[in-house]
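Multiple structures are listed underneath, in structure tokens.
After this come two complexes, each holding chain A, first together with chain B and then together with chain C.
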Partner chain A sequence: MSDVAFFGAVEIGLVYALVALGVYLSFRVLDFPDLTVDGSFPLGAAVAATWIVSGGNPWLGSLAAMLAGAGAGLVTALLNVRFRILHLLASILTMIALFSINLRVMGRPNVAILMQDTVLTPFYGLGLPDHIVRPLAVGVVALVAVALLAWFLTSEFGLAMRATGVNARMARAQGVETDGHVYFGIALSNALVALAGALFAQTNGFADVTTGIGTIVVGLAAVIVGETLVPLRGLAGALLGCVIGSILYRLAVQLALSADVVGLEAADLNLVTAVLVAVALILPRSRLRVAKVAK
Partner chain B sequence: MWKRQAILAAMIGVALSTPVLAQTKTVAITAIVEHPALDATRDGVIDALKAAGYTPGENLKIEYQSAQGNPATAAQIARQFVGARPDVIVPISTPSAQAVVAATRDIPVVFTAVTDPVSAQLVRSMDKPGANVTGISDMAPVGEHVALIQEIVPSAKRLGVVFNPGEPNSVAMVNVLKEEAGKRGMTVVNAAANKSADVQTAARSLVGKADAIYVPLDNTVVSALEGLLAVGAQAKLPVFSADTDSVVRGTVASLGFDYRQLGRQTGEVVVRVLKGEKAGDIPVALARGTDLFINPKAAAAMGVTIPDAVAKRATKTVGQ
Partner chain C sequence: MIEVGDLHVVFGRGTALEKHALRGVDLIIPEGQFVTVIGSNGAGKSTFLAALAGDVLPERGRVAIDGVDVTRWPTPKRAAYVARVFQDPMAGTCAALTIEENMALAASRGARRGLGRAVSRERHARFRDRIAELGLGLENRLGDRIGLLSGGQRQAISLLMATLAGCKILLLDEHTAALDPATADFVIGLTRRIVAEKRLTALMVTHSMRQALDVGDRTVMLHEGRVVLDVAGEERAGLDVPHLLDLFARQRGGVDITDDSLLIG
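So, the complex of A and B:
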């Protein structure tokens, strides 16, 4: 595995770490299986790319992407909370609607920003090679997101949100306004995912309507790989686990891409990735079981 | 001890049996997804490399990866290829090409099966791509279409075009058409049709203002082709199309290409880069038209005869 490939995998892992944090917030904190992310990731990419192509400031474009993502999350929450549509279906409805909206936002299926200034442009001139600058910059964003989330989830409001996810009836009995927390949590989750989309567009030079395919799978895999393999305790540990899990997932893809030496073909990529992730999840447990049996 | 020696001997044996070739070139090919057209393009690239004397396994190493439909994987494949430093990277399709171009500024890139490389920001212009990037666009060979129309209807000076301004691909194609027709001394007359029901009206508006009608790759117009053909037959206005399938439905002629051929054309550019030319100095080319479809019956109905020279070149004559 070359340097460029390794840091490339880390960089894409860090971009998807924001997706993992968003998914952690919806699936784990709020216990709300939210598939909106397959639409809000490309929405973030579309909004940021369109903003930048029309001459806007890339930082504001990324902020606009987050707001758009939050809006998408609010729609899902509204369908669920206000109109009592099952959370899974509510999020699927938003997700499929977002495909059309993304096409509308961009006006075409693919918007290129290869020649425009992005939030990364100021950092390219600092003397480090591009393949190091990108993961560093995205890593800073991911760590800031972890810090802010850790702070938020231990605040009084954040604790009430966690209570909502654990036991909504009990939380209501304690005077927590649970509906408001669902709205806010799902909006925040999708804002993070849309930010990931905006960063993906800016680090790779394009937004494409198909970018969203499988986002939820990658995000969920990152969360679970992090929970299983990262031995950190507590909330901050879980959030860092999401980041590390996302990087590990990308390294698994990288290994699968390099697997042609053992006679595997390009067509086997997804299978090899799945097997690698499964092995990574099973190994630590089986070792435990062996230890137990030995006793 | 014996075991270690045996392993050592085996390793030396492997090292000796692998022929060391000073001139082995590496070409890394990636596509966004497995798809008949994209796979054919890849095979075409390899055909052309073989024809130029590069044999996979001897003096050529081919690496191929498919992103299996996932742009994030496409980005990761781009980094993987850039890290491996091949002699040329060949991305097939727009997102794969964008991911590769974003990942390298020095490794030569020859993209293919990209319809509009300028608006995809892969190159600054078709004629002078600059930097490390060139390639082949799979837009229909519009220039060759204009030449074909002139060959069949030598008196044509005004070319009518019916298209939907809401379809970005047709707008891009009509812009190319204006340029290509201008080069060959023709003017283009626009007739807009926003929906299928407007196509016939738009075609009628061209009667008396155009000497021939051209149908671009426009879903709206192609879906309502029969109405347009009726106008052509009534007003003796020959109708030509950008796609060969429409010839079967009743346009006079068209020139198309298949993706294996597109791949071969791409492979020829890859060979030029392998031989030392700078990618950025090679203009981006449109796919060469190789499949000539003609429809003599439709031509007769619209008041033209197809010259023998054209009929001889035809790869398919409708009605035979």
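So, the complex of A and C:
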């Protein structure tokens, strides 16, 4: 693997680390399997790219992307909490609707950011090669997100949100408005995913309506790889695990694709992803079974 | 003071499974009284507690706590007044959270939850002191996941959690039923001590006639959604388990229930 390919994998891993953090919030903290992310990732990219191309400030564009993502999350939460639609189905409905909305936002299937300033522009002037500046900048964003989330989830409000996911009945008995916490948590989760989409558009120079396909699987893969391979304890450890898991996952994919002996090409990416996630899900279970037999 | 008037609860109204669980319960519990509630399966004990807690909204009737009408309040809103310990130790605590996180959740019951640290240094020290009082040696395990503890330990902590924030009434729903006899005795002893120390108004549902007469200062029997026996003071002191079983049998239409395994003397 060349230097450029290595740092490219790290960079994309760090972008998707934000997706992993969002997925951790929905799947792990709230126990709410939310597939909205397949729509909110390209939504973030679409909003940021359109904003930037029409001459807007890239920071404000990224903020607008997060707000749009939060809005998408609120729709999913509303369908589930208020109208009692099963969470998986509610999120699929939002995801499908977002495909049309993303086309509307961009006015066409893809938008290229060529000459405009992005949030990365100030960092390119630091004298480092571009392929190193990008992962550094995105890495800073990911670490700030980890720090903020760790603080949030150990606060009184965040603890109530964790209780909502673990034992909603107990949480309500302790005076926690569980519905409100689902709304807030799913909105926050999708805001993070949309921010990832906005950064993706700015590091890669384009937004495309199809980039969302499989976002959930990649996010989940990162969470699982982090949980299985990163031996950090506690909440901050789990969040860092999402980031490290996301990078490791990307490196593994890059390695699989660049090893000529294996004979895989870029087109096989989704297959490789699905197989990796399936293996990561099966392994802990069969390990349990082996442990049981050994007893 | 708790005032319950003409409380009716119906499940599945209009369906084949329609069940009239409470049929006009009237009960006034003065402040500081410890009431035990008995009744056979399906008598409406748990529904009554759920209606007090807000989990079940009544079709008719009124629930007032200290003069405030809370009949239509949902559970989280009522939590400022109501502390609870569930029958299932898993139900009353969050297995995936640590002991101190569970306690922090309970300490803010009924209060606004902001962005301040949930387990502050001050709280950690307070929780440590409180949990040391239990004498279970758990004071050095505050950071352990509560799911690692035994059912009895979890119930003891649940009781403690119920007293971390103030309450107008403590609801105990067969909170010793899932425990072995020795642990159940320990938890009952702890319940008595906590209710006496904090001068709590409490309602305890139990399946044990012995417990119903020994613990607290008033016993209420529910049958088919109504109060059929309500004894306190000398009348209650004069009752023993066979009396109670006899009364119980008469309510059930004279059927001999001595072999009913649910009615443990």
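Keep this in mind: the second predicted complex is superposed on the first by the 260 of 295 C-alpha atoms of A that agree within 3 Å, B and C clash if a C-alpha of one lies under 4 Å from a C-alpha of the other, contacts with A are read in each partner's own complex, and residues count from 1 in each chain.
Throughout what follows, a residue touches a chain if its C-beta (ideal position, glycine included) is under 8 Å from a C-beta of that chain, and two chains touch if they have at least 3 such contacts.
Given the structure is predicted, the values throughout are model-derived calculations rather than measurements.
In the superposed model, more residues of chain A are touched by B than by the other of chain B and chain C. Using the contact criterion defined above for the overlaid structures, shared-chain residue A:284 touches neither chain B nor chain C, since it reaches no partner.
In the overlay built on the shared chain, the residue A:172 is in contact with chain C alone; chain B does not reach it.
Using the contact criterion defined above for the overlaid structures, shared-chain residue A:122 touches neither chain B nor chain C, since it reaches no partner. By the touch criterion defined above, A:158 lies against chain C but remains apart from chain B after alignment on the C-alpha atoms of chain A.
Once both structures are placed on chain A, no chain A residue is touched by chain B and, in the other complex, by chain C.
Within the complex, the chain A residues that touch chain B are 1-9, 11-12, 16, 107-108, 110, 112-115, 130-131, 200, 203-206, 208, 210-211, 213-214, 218, 250, 253-254, 257-258, 260, 266-267, 269-270.
The touching residues of chain C, counted against chain A in their complex, run 53, 74-77, 79-80, 82, 84, 86, 90-97, 101, 104-106, 108-111, 113-119. Put simply, chain B touches chain A in their complex at residues 34, 63-66, 68-73, 75-80, 82-85, 94-95, 98-99, 101-103, 105, 119-122, 124, 168. On the side of chain A, the complex with chain C involves touching residues 151-152, 154-160, 162-163, 166-167, 169-178.
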